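Two complexes, one shared chain (subunit A), two partners (subunit B, subunit C).
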Partner chain A sequence: MTKVLDPSLLPQASLWSRSWLSHRRKRQCVPWLYVAPATLLFTALMLFPMVTVLRYSLMDGAIAKKDSSFVGIRNYLEVVADPIFWQAAAQTLYFTVVSVIFHLVIGLAFAQLLNSDRVDPAIRGVLRVLFILPWLYTAVIIAIIWRLLLDPNGVVNSVLMTLHIIDFKVEWFSSPGTALQAVTFANIWAGYPLYMVSLLAALQGISKELYEAAELDGANSIQSFVHITVPQLMPVIVSIALLDFIWTLQVFPLVWMTTGGGPIHATEMLSTYTYKLAFSSYKFSLASASAVLILAMSMSVTLVYIKYQKAR
Partner chain B sequence: MTRARRKKKLPTILTYLGLLAGLVFAGFPILWMVFASVKSNAEIFALPPRLLPEHFTLMAYGSIFSDPTKVRFFLNSYFVAAMVTLLTVLVAIVTAYGLSRYTFRFKNALSVFIISTQTVPPITLIIPYFGMVVSMKIFNTYYALILTYLVFTLPYAILLMVGYLNTIPRDLDEAVKVDGGSSWTALWLVIVPLAVPGIVATAVYTFLLAWNEFLFALTLTKSTEMRTVPIGIELLMGQHAFEWNEMMAMSVLGSLPLLVLYMIAQRWFLAGMMAGSVKA
Partner chain C sequence: MSALTQLRAAAAAAAMWALCSGVAFAQTTIEFIQWWEPEMLAGSLRRIMDDFEKANPDIKVTLVSGPYATTHDQIVVGAASGTLSDVVGLDGSWVNGLAKQGAITSLDALMDQTHYDRSQIADIVKVDGHAVMLPLATFVYPLFVNLDIAHQAGVDAVPTDRSAFAAAAKKMTDAGKNQYGWVLPLSLQNPGGIQNDVMSWVWASGQSMLKDGKPDLETPAITDTFTFLKSLQAAGVISPGIFAKREQEKVEEFANGRVGMMIDSLAHINLIRQRNPNLKFGISAIPAVDGFTSKRGLPYAAWGIGIADDSQHKAEAWKLVQYLMSPEVNGRLVSLANAFPGNKNAKPDFSKTDPLFAEAFKIYQTGYLANQFTGLPVAEDLMREMTIELQKMFDGRQSAQAAAANTQKQWLMDFSKN
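Up next is the complex of A and B:
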């Protein structure tokens, strides 16, 4: 069925009973009328742009040139021949994998602590609220908080120097050796609460009887964790880790606001690389080719995610 | 102390220590930001570092509120986020009703499509959006932001609303239809009033997503008077690299609406947060 029906007709839906449409046909139309606005929006804002970016990527000088022409896969060849693209890809992967691992570890640890019945429930309630806070902050604010803390003259350096862990003022975000670690750290700080909240909900759903039975069988707390907690949490862990993986691959504002991809590409991500191609160099066709490659990577992980969700 | 009691006490102490470490990890950077916003610039980097200000000053806030350009960032953010929230909620209610109450051809495909749009990288969309927005002559306008923000707010909002509408019994719709009303009447007169908690959750979460957006705002607006708060902070960073207290005050003010919403509607925030990962 096509979407030619005007959504503005919706309020008059009851008038249709007297129209030429048969009752059955009318009933088939109704659901489409409800989903029509969203379908139109997604067509305009999702399908059309995807076709457009694909078209741009096969052209020469898209947007920038008036008479751009079809050049086949030349832009793709140029992008994959650029060592910076591969450096950005490797750094994005590093950033993503390390972030996901630490998000999971910290999120699980905090969820376990917040679920512990050794602590007063009121305290746990307050702490749960506070532990979620980093997640509320937009990437730009996270970026400048960490730029302040990790400033060469900032508090982190002065504490580390007092403790004699470092003996000079480290320029965390502007030396090539530490910039990627510093950006990854800021992202770890910002991203664990989603895991914490979801895992806490999952932990509370695990039947206490399982643990009691294990205790009767002589299992210690580590054994219960490995054989009960982890398997019970696995479905939640896998689906959140996959989503987080997809979203972290797309990182842009945090890197843009802390290092801008520098120093000398040391923190270049696929997103910053592509953004600069498009909006600093105005090479929209090359940027489109790079953007399509990023889309392909994202979509392949998304397929895994959807398959996994369906299997559940 | 008996051995059994000592055995129980150690894990409790460790748990408290872990929670304390977590509190410092999560809270210290935020506290540092808040207190830096009420210090003078010289004091922010004073040695040895102190969390609390020695000379409390609201200078940074004063200079933000007295600068119409900076106030404009906030007005822009409020306006754009409010419009996006309104449109998103309206479209999400209608769409979710269709998905929740009917079965039709391609319904499953449509749901999977909506879920998978959440994972499309914004960087892939921004290049064609830039071309589209320029050719539609809405570059550097509110329209450009409001329209494009729908692409990432709608999938969440629809998923949240479908989940909520599924919990409202279908008998209620049928009752309205028996009385001669259409499904449209049933939706607005019966279902929507019952779905208020779900709608609030959707609105709160949509507001957060729109308020925090960076890439589209950076690319699709140009003049200073069209910039939103995140871009305003970026501009402040570029222009006065040393006005740390002002940047921190901007950040405090920029996170204030979300903090207030979070404190009021905590439960609903969490619902939004988890919608993408568990409702799929």
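Up next is the complex of A and C:
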């Protein structure tokens, strides 16, 4: 310690101090360097487009006019005054809620089947492959498959007519009365495997001792399911249902490729409504306002998800 | 010589070589966005570009190709972000919006500077008085008739008027065999069915949907056409699934022998032959109203060409446009694309193509090209609005008159805003 205070050693001490400071600074920079790539990507791919869309939504004739100007919330007022927007919002909600419910029910049923010891392991292996197939297809392929199946001259009508369930060719995607249900059905078919895989993993994590204890207490299979399986799966169910709700809210390709939002707006979703505003009507400001409103809806569900995750 | 000296010498030599080669081979690269390359024989458009590059060694052309459905979106987004290709493939229904957006430039100055002979072009598309698009290739939409179905149904002559068409469609329909007289695609995904399969009936009779450039739909010409279409639906002669059907399904149904007649692009003749080599079919002009004897309008789609307003190489881009529009190259290109030329002096060679093209050329020469959506503001939106009103009519929610009146109301609003 005395040596450090020796004046003859001061220059070296100062040098050491500078080097130490430099080293300290470097160490301070390290975490920033680690997060820099992600921050850059987030800024370029998420923040910049979001801010741009927000800016467009507050302007008049964005993109379409070279001299567009700030108009405040006028575009938002115009969008919410359009009855088609509210029709699209209601149909999007229906499409999303029904899809999420059926994804969960079908996913859970198949997961239970695949987790059951009563089914032969070889059959379970085959079923596992078959059940997961819809997940492997892209939205375009799914749309083509269902367009072919639900064509008035397609397989579904043929089977239903052979079984005398219907006596005329139902125009599933083409009739205003059935189009929304048909699109929702196709989306349910496409989306349940995510639930199935997640819930199967969760089911396999439930201790068998719990079921054995319940059996000793005289619980039947329904009681075991309600009081053991469901509570044990609940964290996974809530997480996945919230994520599915957010994703389904934004579904575009499947609806666009099957019905284009028709007939007569019968399958108009907020996504197709926004797309048409932008690329058919060239009303990019209104499309941006509509997109921001969809973002706000998705954000509100995202906040619930984040709150739930934190609570866990 | 030390290693350092050797390194320096090599670097200097490399710099000199780069400098010299840069001077000797200074090239301007221009981009050309279009949806045509995937629709033509593999490599054929690239070969035309290679020939252009040989004739213009200082210009290199990069083709940016994609399907029709996404090209429009790419062009709109490219124009907004300032990254639009120099030369732009255009559809007539996009032109007004893109010109108003400032995405495509006026060709007038370029034509004036090069003393371009405008008279050789079949139809220069203008917006606000400025030339913005030249039609490179034209695809007419005649009536396709399945000759086997017609023969079996006892239809001896191809229908030339609406009454004959309705009667023929009825005879050809056999719902028990999934066979129908006609096919009508009215999907909202792509509302092109309005111009190709609905308004074509109006134009074929020499009638119009516009008056002084404004919508004029509450006329007998339009309401009679709507009523005629409704009567076909009521008679059960249209293949089911109208509201979700797109052009590709229309063509597939015809190629599979499930419909007797369809209105379609000549460009699909090869596709139909590939899908069903045994299908016997012919083409004719679209039937007109009964008793009509004048020249018939032929609906068409065009491969148009324009230049991006933001292009830094407008002179080079114009050279490419001129090259493609020249009689020789235009004739060669349309022969490859099975289309009709945009240059009046071009002589397409149909000797190696399907005999039906020669037949179509005769129909083309006896009629006139008609597509009133070309150059209209928000043309795709106009078609979509009419599609919805027609869907309501077919669904029994409104009359033909109400469909025309409601469309007129919406179109007037669109015209006033754009």
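Just so it is clear, the second predicted complex is superposed on the first by the 291 of 312 C-alpha atoms of A that agree within 3 Å, B and C clash if a C-alpha of one lies under 4 Å from a C-alpha of the other, contacts with A are read in each partner's own complex, and residues count from 1 in each chain.
Assume a contact is a pair of C-beta atoms (placed from the backbone, for glycine too) under 8 Å apart; a residue touches a chain by one contact, two chains touch by 3 or more.
These figures come from a predicted structure and were not determined experimentally.
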| item | value |
| --- | --- |
| Clash or fit (per the criteria above) of subunit B with subunit C on subunit A | clash |
| Which of subunit B and subunit C A:D151 touches, first, second, both or neither | both |
| Which of subunit B and subunit C A:F279 touches, first, second, both or neither | both |
| Contacts of A:M257 with subunit B and subunit C, given as first, second, both or neither | both |
| First (subunit B), second (subunit C), both or neither touched by A:F85 | neither |
| First (subunit B), second (subunit C), both or neither touched by A:F102 | neither |
| Subunit A residues touched by each partner, larger count belonging to subunit B or subunit C | B |
| Common interface positions of subunit A, toward subunit B and toward subunit C | 63, 151, 153, 256-257, 278-279, 284 |
| Touch list for subunit A against partner subunit B, complex | 1, 10-11, 13-14, 28, 30-35, 37-39, 41-42, 45-46, 48-50, 52-53, 56, 62-63, 106, 109-110, 113-114, 116, 118-119, 123, 127, 129-141, 144-146, 148-149, 151, 153-155, 158-159, 162, 189, 193-194, 197-198, 201, 221, 236, 239-240, 243, 246-247, 249-250, 252-253, 256-257, 270-271, 274-275, 278-279, 284, 287-288, 291-292, 294-295, 298-299, 301-302, 305-306, 309 |
| Interfacial residue positions of subunit B with respect to subunit A in the complex | 11-12, 15-16, 18-19, 22-23, 25-27, 29-30, 32-33, 36, 44-45, 47-49, 91-92, 94-95, 97-99, 101-105, 107, 110, 112-117, 119-132, 134, 147-148, 150-151, 154, 158, 181-185, 208, 211-212, 214-215, 218-219, 230, 233-234, 237, 244, 247-248, 251, 254-255, 258-259, 262, 266, 270, 273-274, 276-278, 280 |
| Residue ranges of subunit C touching subunit A (in the complex, touch as defined) | 72-73, 76, 79-80, 97, 100-102, 178, 187-190, 240-245, 249, 258, 378, 380-381, 384, 387-388, 391-392, 395, 397, 418 |
| Sites on subunit A touched by subunit C in the complex | 63-66, 147, 151-153, 169, 171, 173-176, 179, 256-265, 276, 278-282, 284 |
